[in-house]
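The following block contains the structure, expressed as structure tokens.
We call the chains A, B, C and D, going by the order they appear; numbering starts again at 1 in every chain.
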Amino acid sequence: MAGNTFGHTFRLTTFGESHGIAIGGVVDGCPAGLALDLSAIQAELDRRRPGSTQLGTSRNEADRVEWLSGTFEGKTLGTPIGFLIRNADAKSGDYDQLKDVYRPGHADKTWEDKFGFRDHRGGGRSSARTTASAVIGGAIARQVLVGSGIRVTAFVSAVGKLKADPAKLDLAAVWNDPVRCPDPATAKAMAALIEEVRAQGDSVGGVVSCIVQGAPAGLGEPVFDKLEADLAKAMLSINAAKGFQIGSGSEASTMRGSEHNKLPQGGILGGISNGEEIHFEVAFKPTATIAKAQLAMDRGGNAVTLEAKGRHDPCVVPRAVPIVEAMACLVLVDHLLRQRSARL
Amino acid sequence: MAGNTFGHTFRLTTFGESHGIAIGGVVDGCPAGLALDLSAIQAELDRRRPGSTQLGTSRNEADRVEWLSGTFEGKTLGTPIGFLIRNADAKSGDYDQLKDVYRPGHADKTWEDKFGFRDHRGGGRSSARTTASAVIGGAIARQVLVGSGIRVTAFVSAVGKLKADPAKLDLAAVWNDPVRCPDPATAKAMAALIEEVRAQGDSVGGVVSCIVQGAPAGLGEPVFDKLEADLAKAMLSINAAKGFQIGSGSEASTMRGSEHNKLPQGGILGGISNGEEIHFEVAFKPTATIAKAQLAMDRGGNAVTLEAKGRHDPCVVPRAVPIVEAMACLVLVDHLLRQRSARL
Amino acid sequence: MAGNTFGHTFRLTTFGESHGIAIGGVVDGCPAGLALDLSAIQAELDRRRPGSTQLGTSRNEADRVEWLSGTFEGKTLGTPIGFLIRNADAKSGDYDQLKDVYRPGHADKTWEDKFGFRDHRGGGRSSARTTASAVIGGAIARQVLVGSGIRVTAFVSAVGKLKADPAKLDLAAVWNDPVRCPDPATAKAMAALIEEVRAQGDSVGGVVSCIVQGAPAGLGEPVFDKLEADLAKAMLSINAAKGFQIGSGSEASTMRGSEHNKLPQGGILGGISNGEEIHFEVAFKPTATIAKAQLAMDRGGNAVTLEAKGRHDPCVVPRAVPIVEAMACLVLVDHLLRQRSARL
Amino acid sequence: MAGNTFGHTFRLTTFGESHGIAIGGVVDGCPAGLALDLSAIQAELDRRRPGSTQLGTSRNEADRVEWLSGTFEGKTLGTPIGFLIRNADAKSGDYDQLKDVYRPGHADKTWEDKFGFRDHRGGGRSSARTTASAVIGGAIARQVLVGSGIRVTAFVSAVGKLKADPAKLDLAAVWNDPVRCPDPATAKAMAALIEEVRAQGDSVGGVVSCIVQGAPAGLGEPVFDKLEADLAKAMLSINAAKGFQIGSGSEASTMRGSEHNKLPQGGILGGISNGEEIHFEVAFKPTATIAKAQLAMDRGGNAVTLEAKGRHDPCVVPRAVPIVEAMACLVLVDHLLRQRSARL
């Protein structure tokens, strides 16, 4: 059972290598009768696109979604929604130097260890490019959620050691800022840090926070499919994610019960939403591919010096924002539909 | 699709309410021919038991596993392994006061919101008691892993603000210490803190860390079922868990790529194990049930004062250690078996 | 992924060997709030029991269900319903002669080929005894169906070459007849045939038909999980089943379209129920275990003569009737719940 | 959970409406390292194509597979294999008359009952055209099977009341004959019957038989996922299939045990392959769409006369042969991979 399907009732299956013919996916289980706004989905995809912010990579793909099935006269049929995006701008030649080298901090060697074989061009399927399919699936999911009054908003809350001030957030303004940080003063400093890091041929990590508003009480399943468990899985499935915290998160581990019980509970208790805002955050490591010369290992086990020539983000978090939203939407819509069977 | 099954190829399904007749489970997909050491499984369960450490609750159940199926002449048949534990020592009367009250920090109200109805005695199925079934499933899984040279060791790395010193850990000594912290000096301070908190009728949070040794390269599935994603889900499915970090975790978000690439990668790259040690940690909130008087809400929406009379742990992490190990074993064995189909 | 779970939204997982400690199961996904009539479930189980009809085997087990979890104050909690039946009357000694012999028409050798190892006593998990767990799961399912006005009635429509007359069926009278054939005249002849066959130390096959009344239009999923496909799988998972026909069945293959289009369509079109009665039938082979001396093969590949000493049915179909009903109920309740997510 | 995915370890997810943009699918779980012969897959697809035999419909689509992902340098990567076929020759105008009419024997009304809405053009997703995706998935599966020495051969064994003579079959010659019946004399009579039926504006049913050679002992899972149960589900998921029989099938129901035990067991015992040839057959109803005038019902419940103008097969079985093979290959490869986890 390979791991390219996400969800139970609302399921996204994705396919595609970074430098193959196309990437894409199939959404199965989207309820019939939804008036699907395809241009809104394209707009969500555009936010993830390389080139969507001047802080990202210079790889610039049109990334137009081709819709293949599942709708008729503008509405979902209840049948699978197939879609693809062609890999138009794949400069595979950039990656020839990587054929026999394992990049530090990348999946090159582990995928080869797993499958005995890999598509070395741009990381193949381990590339962050595959998240474009998740963004499309999530954007479809969001259109179901919106009909139930559920809003999912992610934003950059930290870049390196710079943290947004929770008291100064304007959630409506996330997309106006190139860092996707809705605390304008901190956003400015973050942008400067990212440019500095880029100039050094280096990269820097960061944190994406997410707030779910309007989720009804009762979402999440007992024991193993707790809502926070499925969110954690969804977030750790995003490339470069290293940590997940729900509600009070790690801070909770340092607190007393008498103190913690008075806090908001992050919108979830015992695995099930309680009707309050759901808050979680995801920590991302710095982009592994950097221009700076690094030591790497080649297939023969020899140390080689590597200067990455591909185009890469100096900081992954601005472009991770739509992916965090998408994965959260996929989790929520699945539990929203599963909840329909909870009671007689 | 209710959430009481964990895993794909090696699957654990559990059942049972805290104060019902019994709790238990079914392991399906355990390979045939394993000489199952039942007393070792009972020993693992004993480590989780209330009363297993003097720092835990005073509820003392024998918690003897009754084995129902799946073995013959001491070996697994390849058929489902059914088991149960009777709820012998259930003082349900202790919980009568909770019938119409929603305890702060508990799932009482959310489960009722979900199902329209609940077993209020001891939290019903939202009780941490249900993790006993996970420990049994994990202990079976561990016996498969051991045959492949995989060792899973969890321990308490923090209680409140007290942190174990990573340089002073003796992993072989975890179970000798009542706090389950293998840094003896810090363990002593942790024990004192827990007793202090108990005396105050309060509770405190903590962190459990886990190290997987001997995992071969190649475990984990592309994209959605990354090894760290499945570990994150497993850990966040444990009661009171609030955060998960793999490898460098949240720290990674503050680092530069040139710096981070030189670190060990937590044993996983691109979702797939690389043959190195796998390190992760889980943050737990303080036990929600405390003896101290607290404000709670009753069914009618009125504020009431609550002094918990049930028996509860002042700090959940010592008893969370075997549960973290069990859930990790379940994830690893599932991926170990799934890996058998990765190549022609 | 071992095959001991049936269903998606309403799931039954079973365990247990014929002569082990117990058989049982877990129903996950039964909606909360159902007033579960446990004595009705026991009554359904009693209909399957050896000894329930004088035409069956003489093995006589009390087969009392022990309920373990999932209900509170008489209603389902929405949590897993665990149950078991102890194997009280297991005369395992009867099977010692079979330790090294593979019975003709049985799974003895194939299970050993699969798992490298088997519990030879009474067929272990390949025994028809395991269907008792399915009957319990199906009986729970039926109580959900009844609330939606869906009635599932199976009956014996053929024993050997004797066929019930479709025009003479009184569906309300199935359980009054020991053959479970609601055409009284044919039933009498069938009973005589079964007794004759028993006297000869032989066995005979038969057909169970099933009629579903009150199913709403819209049940069944496109393409792979068509309602008839899931029914076919459910029926062929019953021991000794060799054929499945929906609606006009094999007869359809000999007809013209102009003729066939005028017929009732068996209640399903394009995989989805149309609101009419659903008709299907299941063909069963004669019981493989017979008293008559037969040639068999032993572990060493030698021919041996076998005279079965265990207690066995001369004709499996009367006792298959409740199993066919149970499996049909499991399929229908699963699709009934899945249908809740079909539309916005 | 919509039903557009088939299989557990080797999974096919399909999408697409008959007259939408494209149909296609994703194969997930195909082992890495398989040298995939794409032209062989195209050849299998060509056998299913309308126009592949002069006995079929005159709809003539090129039906070229576009491969999107999952291979590199001619070999499978272990990642999802995405593919599509464009709907080039869709004369949707032919179907305008059907917008408000429910064709007899079709899924028009049931799909509308299910989803509240449908794509009426050519049956939308209920069209047999969707089976092209299954044929592609099955053709990939076959290439795995062939490496394990497993051969799957289906053929037409009956058209209307004409039956092939089992003693005269030349399995190597199936594809040389337009009826796909390897008994030449009967094939000739079948062809004449089909032409006669076509001339009458009518259709006729038939039977496809299938033989699996070289399957090792041990395939199939206990209890619910028996090999014959999964085959039954696979076959009944094919449009127009009405019955499934394994081994002695319905005949078995008329036999004595002493007689039946001496027969070959259809290659499966207790749900698990025994290493012998596996034999099963699938009964198909006559094509529902016929040129002959028929009574139908419109959306308003009025009777209308319908003369189908689309292009349709007078007999579905010749073109069902590659679909039966494909679905059988999907079942077998899934169980072949699942078997890798059966033993320690």
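Here is the rule we go by: a contact is a pair of C-beta atoms (placed from the backbone, for glycine too) under 8 Å apart; a residue touches a chain by one contact, two chains touch by 3 or more.
Owing to the predicted nature of the structure, the values given are computational and were not obtained by experimental measurement.
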- Task: Enter the minimum step count from chain A to chain C; a value of 1 means the two chains touch.
- Result: 1
- Item | Which of B-C and C-D has more C-beta pairs touching across its chains | C-D
- In terms of mean CA position, the chain most removed from chain D is B
- Item | Distance from chain D to chain C - Cα centre to Cα centre, in angstrom | 27
- Message: Counting only Cα atoms for the centres, state how far chain B is from chain C in Å.
- Response: 38
- Task: Identify all positions of chain A at which a residue touches two or more other chains, and write them in rising order.
- Result: 1-2, 4-5, 8-9, 14, 29, 32-33, 78-79, 114-116, 125, 222, 341-343
- Message: Residue numbers of chain A touching chain B in their complex, please.
- Response: 1-6, 8-9, 14, 104-107, 109-111, 113-116, 123, 125-126, 130, 158, 160-161, 197, 202-207, 217-226, 228-237, 239, 241-250, 252-262, 265-266, 268-275, 283-290, 292, 294, 338-339, 341-343
- Which part of chain B faces chain C closely enough to touch in the complex? 1-2, 4-5, 8-9, 11, 13-17, 20-26, 28-29, 32-33, 66-70, 72, 75, 77-82, 84, 114-119, 124-125
- Task: Report the residues of chain B in contact with chain D in the complex, numbered from low to high.
- Result: 1, 8-10, 29, 31-34, 76, 78-79, 144, 147, 222, 337, 340-344
